[in-house]
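Heads up, the next two complexes both have chain A, just with different partners, chain B and then chain C.
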Partner chain A sequence: MKAKIMDKNELQDFVDELTKDYKVFAPVKMNRIFRLKEISKGKEACLGYQNTRQPPKEIFFPQTEILFTYKMDKEGVELEDIPLPNEKRVLFGIRPCDARALVFLDRFFSSGDYKDISYLEKREKTTIIGLACNSPLSTCFCTSLGGSPFGKEGMDLLLEDINEKYLIEILSEQGAKLVEHIPWLKDAENADFERAKKISEEAESTIKLKIAVEGLRKKFDSMFDAPLWDQIYQKCIGCGVCTYLCPTCWCFDILDEGTPTCGRRVRIWDTCQFPLFTLEASGLNPRPSGKERMRQRVMHKFNYFPKDFGELVCVGCGRCVQACPVNLDIREIIKAIMNT
Partner chain B sequence: MRNIENIEDSIREVARKLLNEKKVELVIGYEKGTLPLRTAPCFIDNPDDVDKLAWNASCDANLSKYLIGVDKRIGIIAKGCDARSIIVCITEKQIDREKVVIIGIPCAGVVDRKKIEAEVDGEEILEARVTGEKIMVKGKNFEKTLPKKNFLCDSCLTCRHRNPPICDIMVGNKVPEITSAEGFAEVSYLEAKSADDRWAYFTKELGNCIRCYACRNVCPLCYCKECFVDKTLPLWFGKTNDLSDTMIYHIVRVLHVAGRCVDCGACSRVCPMEIDLRALTKKTEKIVKERFNYEAGISLKEVPPLGTFKLEDAQEFVIE
Partner chain C sequence: MTNPYLPNIAVIKKIISENEVNDIKTFELVFEDPEIAKNFKYRPGQFAEVSFFGAGECPIGIASSPMDEGFLQFTIKKIGVVTTALHNCKEGDKIGIRGPYGNGWPIEAMEGRNIVIVGGGFAFTTLRSLAKYILHERNRERFKELTIIYGARDPGELLYKQDLEMWGKRSDLNTVLTIDKEVAGWKGKVGYVPTILKESAPSSKDAVAAICGPPVMIKFSIPVLTELGFPADKILLSLEMRMKCGIGKCGRCNIGSKFVCKDGPVFTQKELQEMPKEH
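Showing the complex of A and B:
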């Protein structure tokens, strides 16, 4: 395993180096919350966060994305593509759960007959630098779902806070290329690895919550009409908080906005929690109430996607647990289903 | 001092009695949440389950939303603001007075967990207990006792109707109303700014909106069967999170609840992006108070000013 090491007070210089060659996105405190934003200097990045309020999906799959614009006159129709970003990017300081979620997004946007160029172009041009979690939150349940606080999936580099230093693990060629740019980084020594290992074990042991998800997918097979859904959805107010803050929810809608002479085609986030999501032109809505919509969200994550791709599509980041307006806790739903 | 446990016991007794005597089919209240400083809405239809019902300073949800469109006889726990929103919905014929049993609870204010989180520098709160006037919070590296009065929700600080104006059963003793509080201090602060500064303020706040509609969905007065933002044909307003679209969404929503909003603060509390949503609703509340001397949700007889027309209404906005 290859790794570099730097002192903690060199972090700003490290990010400054990145901003010379890359467009850098990092956690920034805005108003009262942490969000991922483009930064121009290392000092703007803020690592004193538990996690960003929104997951990194917005960097590759923005909530609003113009796909093309059009003009129409007597001569005909003129379409203009929106140029895709061609600069090299760095996504700095995302948590292992969120990096792992990007692996799921990659599969979705590149599987089947259609490759989502807009997503994939941005993804390919981005080097991902993760930040391991020394202090997971009480709402974290990544270890139940195949992740861990020091997980390395979906990243090119992983920063590990080993007290007064950062160990920088190199996890891909892209990551190796990036650290080559910074000649003053020192090689890590055995003692650094040992310390990182110890801290990682401690971090993992603090996640007390273990949800037994073995067999969860199969369990769901027979639960489409279970009476349980009637109870689960009762308090749900049908907002989009859980899905919009979810690192693995990727549903979208496409709209045409404009007049007969000019306009644009836009892709926006959409959510299975909204009635409009399945409303058909005839007026029929196959998911007429919150019950069907809630079931869809849970089934998609724990049954439908696993059937297609072999894995449960939740990374246990806990955002939906923290932010649900009515404290509808996905961990409790999983437990309730496992106990039926 | 009011004893929280006694109120909790009384709520359970009342719920049991209502269900046993078949006066209601369902009781809507609060239960213990899965996280510190949280509670969750709770639906009880079996008298044997009433012990799930909880009462504490984190019972912040306005449960009246759950009454809309449900054809059942329901008993509902209501603080001052919650009862007021039920009254508005009754006057607007969204809730049948005969089918709702309002279990009123005089409210000394609910705590704002975001304020508490800020006080402990964003550290995670692992344990919390509110007893009397004190809040004890504990995390991995801290333990603090905080005075409750400094950590109440903003809407509670300016509340003038802590006791439900109308209810069927009152649980607990009345609490003194705050009469000294400057009801619109937050609004005056924004009014004192220049138009440019106000624009900058709202741009910054609403620029964070992710159009999740939690503010709309949690609001008991947002009961339109089809919301204007959910229409695509015709497309009244853009659905993106471009600033112009989010701004229009918020402005129209606020105008729709003008003169009806009871400032329960639910919209602000549930916003995942922590946007200051009350700034706009409070301003409309102030206008309605000044122009029509009207406060929403106090009386079942009074018609909301924007739902009626009087010849003597001020009309200086009509330009000849």
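Showing the complex of A and C:
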């Protein structure tokens, strides 16, 4: 395994080096929360967080995004495509659970006859530098779903905090190219790896909750009409925050903004938790109550998506558990289903 | 790779009012770019996203037949923001089209068989595309008997009156038209579609049924077809579901793991039996 090592006080220099050649997105402290933002200097990046409020999907699939613009006059209509990014980008400091989520989004947006070029182009131009989790939160459950605090999926480099130093694991060619830019990085030694291994094991052991998900998809096959749905949605107020903050949710709406002479077509995040999401022009709504809408969210993650793509589409980041205003806990739902 | 959300510009050549209250119109369109027009190959039962810039876009079934050369038709009911904007258009106005999307009616599986078309009200659009396709002189002999059972609330609500009149005169198909309640001067049947379907009792031998209509019509027509001996894999339904992107990305038209926009809108009754009851 190839890896580099740097002192913690060299982190700013490291990020500064990146900003020379790349457009860099990194966690930035905004009041009491951390958000991923474009930065121009290493000192703007802040790694003292447990996780960013918003998952990194917003870097590739922003909450609002222009699809094209239009101009109309007597002569006709003119449409202008949105230019795709041409600069190289770095997404710095995302957690392993969120990097894994991007792997699912990649598979989804590149699937089928129509590729989502806007997402894919941004993704392709981006090198991902992850940051391992030394102290997972009480809401974290990545280990139940195939991830881990030091997981490496979906990243080009992984930074591991080994007390006074960062071990930088090189996980792809793209990652290797990036570290070549920074000649002062030293090669890691065996002792560094050993320490990282120990810290990784400690981190993993702090996630006490381990839900058995073996056979979960199959279990759901017969759960569509289960009485359980009549109960679990009752306290949900349908705010949709679980889906907006979910690193693997991607539903969107498309609408026009403008006047009869000029404007733009945009897509904005939407959620299956809203009644209007599926309301048809005829007045019929196939998901008329919170029951059907919660069932859709849970079934999509653990049954529908896995049918097409082979994997459960939840990474256990715990954002939906933390943010829910009525303390609905997806882990409890999974456990309830497994016990039925 | 190109931006899949970017429409092509089309010119409205003709607007036909389809009903007495004038809230359903058929728009005949021609693409501005002849190259686009040439490459727009579709099958009956597919749909396209129709845009009015500034108002938005919505998915509409293609009402013309692929055999109609040089133009596309969409029959649109005025019901929301986009459809109202479209209804306010005049001939010569320019709108956006992207598509065609969806699977369409499975023509290959229907060839060599008797075809029974069952439609209700405003949902007759892609069934009309199918009927016109089958009735085209170059296609007619690839299909056996054609029966069309089509109903609406009253005679004024039946779409495509010219086609219906022409079909009534042809000897190579059986057209059964019905309205919900007796109206003076009406020569067709009176009664709901499922009742008239039962009464007409088209043979299920070597036959395929294609249905589209309001949910209540579908709900009561399926048992009739089953009773007539149509197996579940020979009953085809074109489904309605709220859509936005039309290409399986925006995530709203799924029934279980299937997306109505890309895996449908046409499903067999057998497929639907295996899917969650959420449509």
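Convention: the second predicted complex is superposed on the first by the 340 of 340 C-alpha atoms of A that agree within 3 Å, B and C clash if a C-alpha of one lies under 4 Å from a C-alpha of the other, contacts with A are read in each partner's own complex, and residues count from 1 in each chain.
Following the convention adopted for this analysis, a residue touches a chain if its C-beta (ideal position, glycine included) is under 8 Å from a C-beta of that chain, and two chains touch if they have at least 3 such contacts.
Nothing here was measured: the structure is a model prediction, and the numbers come from that model.
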Touched partner set for A:Phe193, first chain B, second chain C, both or neither: neither
Touched partner set for A:Ser135, first chain B, second chain C, both or neither: first
Which of chain B and chain C A:Ser282 touches, first, second, both or neither: second
Which of chain B and chain C A:Lys307 touches, first, second, both or neither: second
Which superposed partner A:Tyr70 touches (first chain B, second chain C, both, neither): second
First, second, both or neither for A:Leu255, with chain B first and chain C second: both
Partner chain in contact with A:Gly240 - chain B first, chain C second, else both or neither: first
Touched partner set for A:Ser118, first chain B, second chain C, both or neither: second
Where chain A meets both chain C and chain B, residue numbers: 253, 255
Touch list for chain A against partner chain B, complex: 30-33, 35, 48-50, 53-54, 63-64, 135, 137-139, 234-235, 237-241, 244-245, 253, 255, 257, 266, 268-269, 271, 274-276, 321-323, 325-329, 331-332
Sites on chain C touched by chain A in the complex: 1-7, 9, 32, 51, 53-58, 77, 79-80, 83, 94, 96, 214-215, 240-242, 244-245, 247-257, 262, 276-279
Chain B residues within the chain A interface of the complex: 33-35, 38-43, 61, 65-66, 114, 118, 122, 124, 126, 140, 204-205, 208, 210-214, 216-218, 230, 232, 235, 238-242, 269-270, 272-274
Of chain A, residues touching chain C in the complex: 67-68, 70, 72, 76-77, 79, 81-82, 109, 111-118, 120-121, 224-225, 250-256, 258-260, 263, 265, 267, 270, 272, 277-282, 284, 286-287, 292, 296, 299-300, 303-305, 307-308
